[in-house]
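Okay, so subunit A shows up in both of these, paired with subunit B first and subunit C after.
And now, the complex of A and B:
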């Protein structure tokens, strides 16, 4: 920047009152309904809080499934049945399923909002995302609650 | 791309890109993973048949890639939280990113045998 240029907005006479600039995201009566809530704030906070919990839940899950006792080799129906006979691991997996799906869905929502430029494309992609998320969360929940070790 | 318009975001930008890419990959794996686990409600044989594909050396290598993506996303996620909530976070973001990279490399080196042991035994015999 050239040194002779003045900083935009800098007072030309120091005694004058600074001009009032309206905040760019100030909510007015004309603000669309969808941006009148604190949804984005809660989504932002949820990503951080769920992220901390997921670090523990997912790394613990990886350690058990992929590292200990032969890694992936020991994973089988019998192994799953053994783990889900303990309510601790049922709750662990249930919480992990819900948090990971919501964390991932919100992340992909952000990605879609960033890259899909046409409003209709955004709407369709997000509809698909929400449908797939609801289906997967419900399916996973159903499987954890209705698991039958004696199925044949 | 017009000259002079390249965004030089350096480490902060690239960690953001890597966080997005790993996040999307992990999310798509999660869909598949819930579906394959749901086979326990079909029959033990159906589940074990699909889990057998996870023990294929090529898929085993993809599991190593999944671990790499998850570990980076987890470590960098903690860094983002520190940037947002820790007073010194923004100032320390670059230092923290390189710490994330170092910890990630150490954990990945330590993961080679535990995660890939099935493939190692299959390819080189049970030594």
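And now, the complex of A and C:
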């Protein structure tokens, strides 16, 4: 019976290109215990609950902005100014901004945790993510509350 | 008189009674790795002629016993109970002793079968050929305290339990710790810090046991950063389990228990 050697990465066999995955950090008896908080539990729950609320907020937003009363053609400075003079729409946009940003940021946090392999890469990506999130949320909140319709 | 029954003989029964086996020729493509010889693993093909109704483990035995004695793999009972021969067969985690050759052979093209690929399970360091370092896997298992913790006076005879209470965790008692689930989990592949489906299944087995008193402690352990919340419900574990345990469901039940008991 003949044995034939194939080179690793032979194109005819898709399995051949699968890399050997060496776990960079092994779980051992000395693996330090992470601090036990309910953070991951609340983050998981927040994703589900904010998702449900966002479906209503975002679909309502899209309906108003893009479809009703002439759709996108009606959106102008005056239209935005008119809407933000009403506390209802201020609160709507504020809640939508915060939920969407935190929902998206938390989703990206889990993606980074799942895909970044080196601890340093992970830390840098997360620092960038948190900075961008805080900046966008603060700027958006500031604009909603300090919007001046008489600006020239 | 006997002709009537003979007419009913199927071709398969004829073949079985004649004692003849229908051998097929196929290639077994094994990912070989020997750190003393080469830094990189290589795929090696072995041509075999066997009865496709035999197990894949028999094919590995044929290679080891008749072609190349250096082929290294774990196996013990060879009947799907000890859980030592989990491996990636045609890209899926299975037990070699519970997989029939005919089920992974596929259909021949121009009379030639595609080779059956055999690799070690992923996410654990390969030591040699199909043998991986199982220590991180068993460390996660130990971390969830997979043993009965009962307070109070010890009963003189057995600890009694109703049929309903026993049925609550019946599914997760079937685990044989073969690591097919944990090594099929993409979250575990990344850094090996996630507890993994097998450890959670074995925690589930005691968390929902009415005789056990350490359920809270186990939930606390699985509530941490690398606990159940890293599960992305990809169902790879459920698909991989050779015992048919509803692994993802067990993980979700632990999540639900955490939410209902913490909030």
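The rule is simple: the second predicted complex is superposed on the first by the 117 of 152 C-alpha atoms of A that agree within 3 Å, B and C clash if a C-alpha of one lies under 4 Å from a C-alpha of the other, contacts with A are read in each partner's own complex, and residues count from 1 in each chain.
In the analysis below, a contact is a pair of C-beta atoms (placed from the backbone, for glycine too) under 8 Å apart; a residue touches a chain by one contact, two chains touch by 3 or more.
Because the structure is predicted, anything quoted here is derived from the model rather than measured.
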Requested in this report: Considering only the touch criterion stated at the top, classify A:36 as touching first (subunit B), second (subunit C), both, or neither.
Outcome: second
Query raised in the report: Now for A:104: first (subunit B), second (subunit C), both, or neither, which partner does it touch?
Result: first
Report task. Report for A:66: first if it touches subunit B alone, second if subunit C alone, otherwise both or neither. Result -> first
Report task. Answer with first, second, both or neither: which of subunit B and subunit C does A:120 touch in the superposed model? Result -> neither
Query raised in the report: Which subunit A residues lie in the overlap of the subunit B contact set and the subunit C contact set?
Result: none
Query raised in the report: Which of the residues in subunit C come into contact with subunit A in the complex?
Result: 29, 33, 40-49, 66-68, 90-91, 115, 117, 119, 122-126, 135-136, 139-140, 142-143, 186-187, 189-193, 220, 223-227, 229-230, 232, 255, 258-259, 262-263
**Report entry** subunit B partner contacts - residues on subunit A that touch it in the complex
**Finding:** 48, 51-52, 54-55, 58-59, 62, 66-68, 70-73, 75-78, 80-81, 97, 100-101, 104-105, 107-108, 111, 132, 136, 139-140, 142-143, 146-148, 151-152
Query raised in the report: In the complex formed with subunit C, which residues of subunit A make contact?
Result: 1-8, 10, 13, 15-16, 18, 20-29, 31, 33-36, 38, 40-41, 43-45, 110, 113-115, 117
Requested in this report: Spell out the residues on subunit B that touch subunit A in their complex, using ranges where they run on.
Outcome: 20, 23-24, 26-27, 30-31, 34-35, 37-38, 40-41, 43-44, 47-48, 51, 54-55, 60, 63, 67, 70-71, 74, 77-78, 80-81, 84-85, 111, 114-118
